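There are two complexes below, and they share chain A, which is joined by chain B in the first and by chain C in the second.
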Partner chain A sequence: MDVNIQMFLPEIVVAFLAFAILAADLLKPRGERKSLARLGIIGSLVAINVLVLTADISGTTLSGLFIQDGVSVFFKILFLLTGIFILYMAQEYEEKIKNFKGEFYALILFAVLAMMFLASSNDFISLYVSLEFLAVTLYILACYTKEESVSVEAGLKYLITGALASGVLLYGITYLYGATGSTEFSQIKLALNGKNFSGFLAIGLILVVLGLSFKIASIPFHVWAPDVYQGAPTPITALLAAGSKAAGFVMLMRVMFTALGSIRPHWVLFISVISALTLLFGNLAAMPQKNIKRMLAYAGIGSAGYLLMGIAAGNTLGSGAIMFYLLTYLFAIAGTFLAIVIFYNSEGSDSIDAYTGLSRRSPILAATLFIGLLSLAGVPPLGGFIAKLYLIAAVVKEGLIWLAVVGVLMAIAAMYYFLLVIKRIYLWQPKNDTPIKVSPINKALLYSINIATLVLGIYPGPFTDWVMAIAKVLF
Partner chain B sequence: MEGFPILSAIILAPLLGCIALIFVKENAIGLIRGIAVTATSISLALSLCLLFTYDKAKGGYQFVEKIDWVRSLGISYHLGADGISVAMVVLTSFVIFTGVFVSWVGIKHRIKEHYIFLLLLVSGVFGVFTSLDLIFFYLFYELAVIPMYPLIGIWGSANREYATMKLTLYLSFGAVFALIGILSMYFTAGQITGNYTFDMTQIAKISFAKNYQIWVFLPLLFGFGVLVPLAPFHSWSPIGHAAAPSAVSMLHAGVLMKLGAYGIIRIAMGLLPEGAQFWMPVVAWLCLINIFYGGMVAMHRKDMKFMIGYSSSSHMGYVLLGLTTLNYIGVNGAVLLMFAHGIMTALAFALVGFVYDQAHTRMTYDFSGLAHKMPFIAVSFAIMGFASSGLPGLANFVSELMIFIGAFKTYPLHAVIAVFGIIITATYMLRALRNVFFCEPMPEWEHLKDATTFVQRFPYVVLILVLLIVGFYPAILVDVINAGVVPLVDKINGVSAVASTAPLH
Partner chain C sequence: MIPLSHYLILSFIIFTIGIAGVLLRRNIIIVLMSLELIFNSINISLVAFSHFLQSMTGRLFVVFTITVAAAEVAVGLAILVAVYRQRKTVYVEELNEMKH
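So, the complex of A and B:
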């Protein structure tokens, strides 16, 4: 077996880091564990550096199970950045969790590690193993506040739907293996070349897509999202929203474009319909929500619908758009959720009602939510707009005008429910107008996240050129 | 002026003012107003410069600036102004300049934020009128729409939350619908030439297949039609006018409604000439609905802001009727009416706002004989009413006349019907004038004060002067507008038809 350690050096760094945190947790006396989070953040920054330094070593290793290319590098950077934001948020949230242990930080890093392996999986076997690795860490993290029944309920729901989806995925993989005789993506691609499309293949394809729909929270495995988003500790909700969704899409891109790209005419309608249904469900169901995390869960389902438009388009523009969308999504989610954590620490509530008059109490939190939510809604000149523009352009290019119309209508729906929140924040008077304290370091972080969202919207050129260049390797 | 990026300067002046305001203390009201006045007067001065330095003989897009923005998609920061843009830019700078003075009197709380949003909005509007890139057109458009939400939501009057939500959603909805048409043109044009670009001047050179033009014209017409507002998608507009504070109503009716018509001219008609020829007869009927439906509702409205709001949508019917004629004089008249109506309606909303700020009611039946207490306002209102009803000597008369002459050439039947719309306008304008300002004075309005100080009177004087100057000497604008209209109309009618249609001058 060929082993090229350099290719997964960053993964080794992250694994080592996670174990180091577990060990340090045992050695440290009882008390706060914030220093462990800082260790994790510094370690992740080191991992990003290692990744960038070794980025030009590309190819496959471990007998074709593991691949390093532009796409995997992009997603690994994205996951490590996500990890850094989540670790920071988690150490802000530490006091809110009873019986907090350092393993919380280690588990976050294990989740990041699993997502990094997912980004590099080049075979259904490594994909499935990494997926389960990720799932196990998230099951634990979702129900970490054990004394709260909503959190336990969240973990249980997540576990049951997750197990079901995994089964469906595995079943689908066996069909694809039966049809093509291989589990490696490039081999499947070769095997499908010139082969007639059969019902056997169709069953495999449908089951695999349905199985993967769990991770991205799209129809039909979307039902877990609202309860889990609401019940899980807020940093973990952000991890599910930004990280887990991105991990789902890197899998979908590899499977649909690399492995099954040649039979796109057979699946384009299937994916388009799932995309449209997800868009409609997510955005319409978000409207009546009273809890901000729950609203973001439904909005997240809607986002999965948008990202699926990029899969349906099946071209370089679409896959580049998915990557750019996830990049803007990360910053919007990081800003929004950090603001939610700070607000929760001060007020102890996640209900939208509690946000009334926030602009009078903390201009910076209000501005962050304003920018973050409107970026999620896709309003120019914020990053989210360029991302949606690319996705809509990608489907218009392939002639899927009806899907573009659904996407555009739901962008207006998204604007509506996010404006409902912004209305409370900016237009209404607060019930009590004591200012909410935001520490200088949090303020600096919020400012930089907001600036990033603005830069992605006002000067997206370098970033879009980057994602478009690396999107080519998938085809 | 050669080489100076005058269009960027016009857009940036309010934007920089807005950024400067962020760093000013909330209670330094004098400084806040000073910055707003400075920023808008720079834009006004530069746009007058634009008007007088635009080379009418040369025509076409002038003052062009171009910087690549996203090369992989062919998006560039590409500005340029032809005669139509110049007229619209001048209109915008007059409305915002006077709007700042009107807010000076009308806005009492959160003054700093008010000016920040107002300046942000107006720099978006300037951007729309000068963009030659389709994506920047859309970006600037949204930049103009989003500030409307807080502007109406925070400083508005009755029913403001409903109104502002409805307005923001409708305006964005129209725009994204047009965006689908724009994207489709982008890809089709790219497939034809192999060069993917959002540059309007490049796309304009391509002749799309006739069937394609007919189909893509629809989302554009519908999208921009919502913004005009074309019946039956007009309901956001009067309610938005009614709820907005004065300066915002002025901008909204004076300028924002013109964005839709401008989009139809620049994008739908400019890029899809055969689509325009196919659909314009249908649009002409919709215009008649606009004129009469808007006019009739305006007659029955007792709330003065609603009355003027519906009257605006009725007047926009004339503008579109002028566009549907597809001949020089009709289209020229349409653009001139966009200008004249913008100034006139801004004046109207400013006056109603002035009365409302003191009396806290806008119902015509609540008032009587206000002219005794506020003669200046009464005279201004009378001039506005005359302009609105198309009396000679004011800008609206010239433009409406041109539209009717143009319409008689193309749609004689429509023209005959549409002329009667003027009677409706005169009916409700004169009736409002009589009920509110004349008749016996009422004792309960003894406390009302006239506009006496310079700041109070200044905006009305400026707007009335513009109406009179353009009314008596329309060539000052028409010559410039014509330089933009001729190439457009020529393109739509094909070069062969030019000989049969006599030029305007």
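So, the complex of A and C:
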């Protein structure tokens, strides 16, 4: 067996870091654990450096289970950045969790590690094992506040739907294996060359897509999202929104483009219909929501619909657009959720009513929500607009005009419900107008996230060139 | 010799029973048992394919699915204990605290 240890050096750093946090947690006396989060953040920055330094070593290792290419490097940087934001949010949120233990930070890093392995999986075996690694850590994190009954309820619902979805996924993998005789993506691609489309292949294809729809929260396995987003601790909601969704899409891209790319005519309609239904459901169901986390859950389902447009397009433009969308999505989610955490720490509420007149109480929180939510809605000149534009261009290029029309209409719907929140924040009078304190570090971080979203929208050139260049390796 | 289709039909029947159990039963312990049924049905078809394709990958895969399913159910039972301590119930329909 060939083992090229340099390829997974960043993963080794993150694994070591997570175990170090677990050990340091035992050595520290009871009380504050914020220094462990700082250790995690510094360690993640080291891992990003190691990743960038070893990025030019590409290829497969561990008998084809593990692949390092441009796409995996992009997603690993994305996941490590997500991890840094989430660790920062978690240490802001620490006091809200009773019996807080340092293992919370270690589990977040384990989730990041699992997502990094997912980005590099080149075989259904490594895909399944890292998928379950991610899922099990997220089940524990979602119900981490054991004293709150909504949190354990969220955890249990997440676990049951998650296990059901992974069962469906595995059953599909079984049939793909039966049809092609291999579980490695490049071998499957070879086996499909010049082969007739068989019944086994059809069953496998449908079930694999349905099983993967759980991680990205698209129809039909979307039902967990609203409850889990609402019930989980807020930093974990952000991790589910930004990290878990990106992990789902890197899997989908590898499976649909690398392994099953040659039978695209057979799955393009299926994916397009799922995409359109997800767009319609997510954006229409978000309108009447009264809890901001629940509303963002439905908006997240809508986003999964947009990202699936890129899968349906099945070209370099589409997959590059998916990566760019996930990049802008990360910054929008990080800003919005950091603002939600700071607001919750001060007010103790997540309901949209409580946000009334926020601009008079804390201009920086209001501005962050303004930029974050409008970037999610896709308003120019913010990052989310460029990303949606590319996705719509990708499906138009493949002749799926009807899907593009649904996408444009639902962007307008998204603008409607996000603008309702923004109207409440900016135009309504607050019930009490005591200012909300935001610490200087939080302010600096919120400013830089907002600037990042603006830069991605105004000057996207270098970033889109980068993602379009690396998207080629998938085909 | 037993043909491949027999194994696949058996696996499909167990899979369907498992899915039905997850969707229809109200007791969460039985839901977790049904999830185990789903994973075992997959193991049957994986081993059957592996035997008929003369490839080792399927058999290797089964080792991973058994391990992972055990880990998943262990976490599931732990969460169920936490739910029971909170609510004193193990029935699905009583877990509906989050409606808007």
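Here is the rule we go by: the second predicted complex is superposed on the first by the 475 of 475 C-alpha atoms of A that agree within 3 Å, B and C clash if a C-alpha of one lies under 4 Å from a C-alpha of the other, contacts with A are read in each partner's own complex, and residues count from 1 in each chain.
Here, a residue touches a chain if its C-beta (ideal position, glycine included) is under 8 Å from a C-beta of that chain, and two chains touch if they have at least 3 such contacts.
What you see is a predicted model, and the numbers here were worked out from it, not measured in a lab.
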| request: Would you sort A:Ala411 into first (chain B), second (chain C), both or neither based on which partner it touches? | output: first
| message | Just checking: does A:Ala18 make contact with chain B only, chain C only, both, or neither of them? Give me first, second, both or neither. | response | neither
| A:Ile392 contacts which: chain B (first), chain C (second), both, neither? | first
| task | Would you sort A:Gly167 into first (chain B), second (chain C), both or neither based on which partner it touches? | result | second
| task | With the two complexes superposed on chain A, say which partner A:Ala238 touches: chain B (first), chain C (second), both, or neither. | result | neither
| request: Give the label of whichever partner, chain B or chain C, reaches more residues of chain A. | output: C
| query | Is A:Ile401 touching the first partner chain B, the second partner chain C, both, or neither of them? | reply | first
| said: Just to be sure I follow: which residues of chain A are touched by chain B in one complex and then by chain C in the other one? | reply: none
| request: Provide the residue numbers of chain B that touch chain A in the complex, in ascending order. | output: 68-73, 135, 138-139, 142-143, 146, 149-150, 153-154, 161, 165, 168-169, 172-173, 176-177, 179-180, 183-184, 186-187
| Can you list the residues on chain C that touch chain A in the complex? | 15, 18-19, 22, 28, 31, 35, 38-39, 41-42, 45-46, 49, 53, 55, 57-58, 60-61, 64-65, 68, 71-73, 75-76, 79-80, 82-83, 85-87, 95, 97-98, 100
| Interfacial residue positions of chain A with respect to chain B in the complex | 374, 379-381, 385, 389-390, 392-393, 396-397, 401, 404-405, 408-409, 411-412, 415-416, 419, 422-423, 426-427, 459-461, 464-465, 468
| query | In their complex, what parts of chain A are in touch with chain C? | reply | 124-125, 128-129, 132, 135-136, 139-140, 143, 146, 149-150, 152-157, 159-160, 163-164, 166-167, 170-171, 173-175, 177-178, 181-183, 226-227, 230-231, 288-291, 294
